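Dropping the structure in here first, questions after.
Labels run A, B, C, D and E following the written order; every chain starts at residue 1.
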Amino acid sequence: NSGKAATSAAANGLEKTDLTIGMLPLPEVAPVQIAIKRGFFKAEGLNVKFTIIDGGGSALPSLLSGGFDVLHSNYVSAFTAASQKVADLKVVAEATVATPGSFVLVTAPNSNVTKVEDLKGKTIGVNTKRNVAMLTTSVTLKVHGLDLDRDKIEFAEIPFPNMWQALKTGQVAAAFLPEPFVSAAAADGGVKVTDLMAGPTDSFPIAGYFVTADFASKNPKTVAAFQRALLKAQSVAASDRKAVAEVLPLYTKINAQTAEIMQLPGYPITTNAVRLQRVSDLMSEYGYLQKPFNVNSLLLAGQK
Amino acid sequence: MLEISNLTHTYGSGPSAHNALGGIDLNVSEGELVCIVGPSGCGKSTLLRSIAGLLRPTGGQVVLNGAPVAQTPDDLAVVFQDYSRSLFPWMSVADNISLPLRRKGEGRKQRARSAMEALEQVGLAGAADKYPWELSGGMQQRVSIARALAYRPALMLMDEPFGSVDAQTREDLEDLTLRVRGHHNMTILLITHDIDESVYVGDRVVVLSKAPARIVGDLRVDLPGPRDQINTREHPDFVRLRAEVGRLVRGMRTSPASAS
Amino acid sequence: MLEISNLTHTYGSGPSAHNALGGIDLNVSEGELVCIVGPSGCGKSTLLRSIAGLLRPTGGQVVLNGAPVAQTPDDLAVVFQDYSRSLFPWMSVADNISLPLRRKGEGRKQRARSAMEALEQVGLAGAADKYPWELSGGMQQRVSIARALAYRPALMLMDEPFGSVDAQTREDLEDLTLRVRGHHNMTILLITHDIDESVYVGDRVVVLSKAPARIVGDLRVDLPGPRDQINTREHPDFVRLRAEVGRLVRGMRTSPASAS
Amino acid sequence: MKHSAPASPKSSGTSPGGSPSGLRGVARAVSRLWLVPVALVLWEIGTRAADTPYFPSPTTIAVKMREMWLNGPASRLWLSDLALENFPPSLARLFAGWALAGVAGIVLGVMLGRSVLLARFVDPLVHFGRAIPPPMLLPLLIPLMSIGTQMQLTTIVFGVIWPVLLNTVDGARYVDRQHMETARVFGLSWGQRLWRVILPSSTPKIFAGLRLSLSLALILMVISELVGSTNGIGFQLRAAERAFDPPALWGAIVVLGLLGYVLNLAFFAIERRVLSWHRAAKQTT
Amino acid sequence: MTRQAVLGNRVLCGALGVAGLLLVMEAAGRAELVDPTVLPLTSTILTRVAELAVDEEFLVNVGATMTAWGLGLLLTVAVTVPLGLLLGSLPRLETAVRPLIEFLRPIPSVALIPLAILIFPDRLDLKIAVIFYASCWPVLINTMYGLQDVDPVAKETLRSFGFGPLAVLWRVSLPSTAPFIATGVRLAGGIALILAISAELLAGGSDGIGAYVIKAGSSPDGLEFIIAATMWAGILGVVTNSLFIGAERRLFRWHTARAGVTG
């Protein structure tokens, strides 16, 4: 099999066949696993390995130093880095867009917070400040007529696995939770205050796959091969929930049971500049970016 | 006041074990000054440390005022052979001396006075504010004597207390010890290598054999009147006793027991 | 070989300064054994440490074999007064002795042999594999003597080397020192408090005054033939010299200088 | 060592001959600090040559620091609002945590050092605790205390107590036997043994531990501000990291370094006083 | 077993101490002093701890962490002890370098990890570098403090036999400082473990306890595994520490004997 891969690699003229991808252990990256498992990468002549990371932001240096070739990162971090000119990045593909119910503002059972307006003067838990969690929560608050400064709403950084602890002990009044934490919280009596991905954040792009501009220009064929294989897997994931549930235990601790009931994110099969620009625009609106940032600079020639 | 019966001690175990005390029986009555002599390394310090409760002997027992010694007994002072390591380098000389006096319930002023007095007695009045490591060997030794004397214990154990001072100072310290003992009715055990000294200061001289230490001689010193460096040392009994002790000590070195 | 001229040393500075050496002039020729006596705390160890280059005197100089001593001179051995602290607790007795021999370029076997031999000479043949802290005070002192003897230095400095051993052992060690000195033509400076000893082993006895130390007597000891513990000590010259040294030392204690 | 004589505790610290003249003070400062400008220049040259955004040059960092923290009025020592908002709470956490850890470490350390039996029972727990990375304590801390000061202090204490504890255990356990025996013989009370013998004799080691833990406290202060905090130097550091603002990140690092240097200087001054006997006693000429 | 035998047995006493604490914690959980849905019961955690012990995947991760730990600590000792001896015996150099040391020491490695990644793309190199950075300080400081504690008479003895400063350093200062250095290394051992795991946590990686924890964090049920992995970090700490203690006891018998510490 590897012999075949090698020949096809030669035939394709790939500049680099061994790729390492840094990714978070989330349902978002299930397609990468599908592509590995079903040999989509192999078929393109690629040999893909993955490394678990803790956050797109803190792993970015690894991408820059060549520790990874491809990085799975949320857009907020990546756009911030790009606009700060810390890194010259290119989007290889979109990883996920939000689906209803996959990112929810949750409170503990018996909490006196039942609707968004009750959050005045309260603290909200997010996994990381200045990321998609805080951005979408801020947007939602604003939609409900709340203002962070005026209404003295604060954010506290708490890792997702500890969020339920923090909610139940009253450390935070409400928390931003993604799946599968939403399902788990619901099972223990957690109350959904609001879906965070609605209105201005409906189908909000969450994360994508990035390479450095340098890598993209030196390895165009490899990047194209990677895209083809990944997109194939994206469409499998988008249409076949079983396929996702199957691979989740390979790289996460999500058990089969949870995998079946949890809300899956959307797996887009195109890279949509307009959609991405929405993230960037919201980021400048909420002060995450000092000046407007045009995502076109992140796109590869074929995506524009 | 002190009854030692069949005291034995062995350091270590197995093939490298060393039998230091081979069954010591010794009674010391109150107010007595007993000198202990014996060859180097025979077990004198070991005996003394057993009496002070610093070492749990492997056999036999030490009874002090009717009670067996398990912990360090009350009202005891020791002048250690290794005096330089027994002074606390973080305290001035005066503090080193007055620290134990707290136990005697003496007030701050009283303690300072006692310390000064003791320092004067050993000829170190000027060294009160110095630190031990600023003193010469002999001065350190005198500080540790002063500490023990100022404490006025019921039982005083002295391990070669005058080994590092000059002849004249040594005589003064011997006389000082005798004087203090007389005033306060202390019981004193004094280890020395100086046979003359043992006869001069002792009421009794106990001679130990080579390891394992056993008592090979226990001589009562019956010298007349208050002792005096010149007359006592010329007294015929002194000369006789000294020769006798000398013979006993020397004998030990060539006795078959020493072959072990 | 050794010329000391106008050596002074003051410890510390300011009001608490202590003037230990007050101008010492001393010449020692090769092969001589000079004994130094003086009251406790007068500055003997200070003098010795200056000669060994362990202390930079505040004035004067020490010239050894024509060269001023700045660093520790070559081919020197010291028996420290504080013998227990000068032995290395992490090494066995044999290793303690053989360590300096490395400098002499001796091989491993040769070093072991020299160490054993020295230990036998001081009567500690059985203690080679023990650690210093397993030995009695007197045994430790003998180990440190053995170390110096095994080194066979050209110049040996001994600071109260026989203070902690019994009378018989002391005599043996005195004779041993004399013997080794004769064999290897060492120059020896020996500090002692025992006036008899100073006369018995010394070619010369130098008497120091109370602090600041000055030389108040320098007596040549002209005793006949090889010395011998019994005959020498009975020799009329011995008795005379010993009395003279005694007078000098005692005199110092009551001289007005001592009031300082 | 070329000192002419061991200084006595009274005269230690200042050079012989009383107060140092201005010139000598300058010379001393130069001998102490000459390496700093050299290092700075090398750093500047190195970063300029490398020219990567993650490693800004010291001048860039300095400009950024000035902009962030030093644009206030002279009456406040030029500290900006941002500085006043973030530095004092951090320092308070730092000192409170360090002091708590110091006291607890010394007390526990003496207990464990002197009681063989207690040590036997508790030793595994100590070494267990020591090996747990403070950030991993979170699941245990959240249920037990409230986010904010309580949890921050706990994190700091938990992180910095170990050097003090271990060094104190060591110091208290290995008091020279002769010293302990002397104390026993003269019937020193428990308290006297502790205050007059065990503690003084362990101070060199305790100070080594305290010194280590002081810098650790700075580190733990940062770590403690990573979760649930709304101000502090660590919070700013995290924010700079999130905002991909390397000069600000380095600015926080430099502040920590400077703070550490100043704290250590102060600590050193205290230590010199407390341990003067030790230095003098152990000095060879 | 008699009371004497129990109290005399180090391992047994330690186990009793641990068991006692665990019982108290379990009791607190059962009495609902702490909500078991918030903090899992001690018995639950212990089950997870036991599960991990036979979980091959986890053991591979432990292996990776310990490899980094061992190499990092080795590098630390190999570099820092000589450096500490050098600085401790050359006061002038020490004075000059001290500002830099004191500046570098308080810089948190967590802040440095992202920067270190840029220099060390390889995860093992990164871990070793970070471990070195954090754990060299206890060794350095303890070495320098230990040097101050050397008995001057011992040093003078060797000097008097004509040995040079290097020989004195090697034969007197080093051995007599060794117990102090050992304490520093023992401290460093704990810090190194923390840093190995922290580096894995922050920088990610394909293996290591920290990587396992990140993975466990992907799921709400992961909390128990995270706590269990934390327990394993502690257990590794106890194990490595007892190895150190055992070695120290062998090497520094003289030290213990001189202080009169029994057992």
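Rule of thumb we're sticking to: a contact is a pair of C-beta atoms (placed from the backbone, for glycine too) under 8 Å apart; a residue touches a chain by one contact, two chains touch by 3 or more.
By chain, with names taken from UniProt: B, C = ABC transporter; D, E = Nitrate ABC transporter permease.
From a predicted model like this one, the values you see are computed outputs, not experimental measurements.
Asks: When every step has to jump to a touching chain, what is the lowest number of steps that links subunit C (ABC transporter) to subunit E?
Replies: 1
Asks: Measuring centre to centre with C-alpha atoms, which chain is farthest from subunit B (ABC transporter)?
Replies: Taking each chain's C-alpha mean as its centre, the farthest from subunit B (ABC transporter) is A.
Asks: For this structure, I'd like the pair of chains sharing the most C-beta contacts.
Replies: Summing C-beta contacts for every pairing gives the maximum at D-E.
Asks: Using the average of all C-alpha atoms in each chain as its centre, how far is it in Å between subunit A and subunit E?
Replies: Chain centroid spacing, subunit A to subunit E, equals 36 Å.
Asks: Please tell me the distance, in whole Å, between the geometric centres of subunit A and subunit C (ABC transporter) computed from their C-alpha atoms.
Replies: 83
Asks: Any idea how many Å lie between the Cα centroids of subunit B (ABC transporter) and subunit E?
Replies: 48
Asks: Which parts of subunit E, given as residue numbers and ranges, touch two or more other chains?
Replies: 35, 38-39, 114-115, 118, 151, 156, 201, 223, 226, 255, 258
Asks: Residues of subunit D that touch two or more other chains: which are they?
Replies: Subunit D, residues with two or more chain partners: 6, 8, 54, 139, 142-143, 176, 181, 226, 241, 278, 281, 284.
Asks: Can you list every residue of subunit B (ABC transporter) that touches 2 or more other chains, as numbers and ranges?
Replies: If we look for residues of subunit B (ABC transporter) contacting two or more partner chains, we find 82, 85, 134.
Asks: Which residues, counting only subunit C (ABC transporter), touch subunit B (ABC transporter) once they are in their complex?
Replies: Residues 11-12, 16, 18, 37-46, 81-82, 84-85, 129, 134-139, 142, 159-160, 163-170, 193-195, 246, 249-250, 253 of subunit C (ABC transporter) touch subunit B (ABC transporter) in their complex.
Asks: Within their complex, state which residues of subunit E touch subunit C (ABC transporter).
Replies: So the residues of subunit E in touch with subunit C (ABC transporter) come to 151, 153-154, 156-163, 171-172, 175-176, 178, 252, 254-255, 257-258.
Asks: Using the touch definition up top, name the residues of subunit E that touch subunit D in the complex.
Replies: So the residues of subunit E touching subunit D come out as 7, 10, 13-18, 20-21, 34-35, 38-39, 91-92, 95-100, 102-112, 114-115, 118, 137-138, 141-142, 145, 148-152, 155-156, 179-180, 183, 186-187, 190, 193-194, 197-198, 201, 213, 223, 226-227, 229-230, 233-238, 240-242, 255-256, 258-263.
Asks: Which bits of subunit C (ABC transporter) are touching subunit E when the two form their complex?
Replies: Those residues of subunit C (ABC transporter) that touch subunit E are 49, 52-54, 72-78, 80, 82, 85-91, 99-100, 103, 131, 133-134, 151, 157.
Asks: How about subunit D: which of its residues touch subunit E in the complex?
Replies: 1, 31-36, 39, 52, 54-55, 116-117, 120-125, 127-137, 139-140, 142-144, 162-163, 166-167, 170, 173-177, 180-181, 204-205, 207-208, 211-212, 214-215, 218-219, 222-223, 226, 234, 237, 241, 249, 252-253, 256-261, 263-265, 278-279, 281-284
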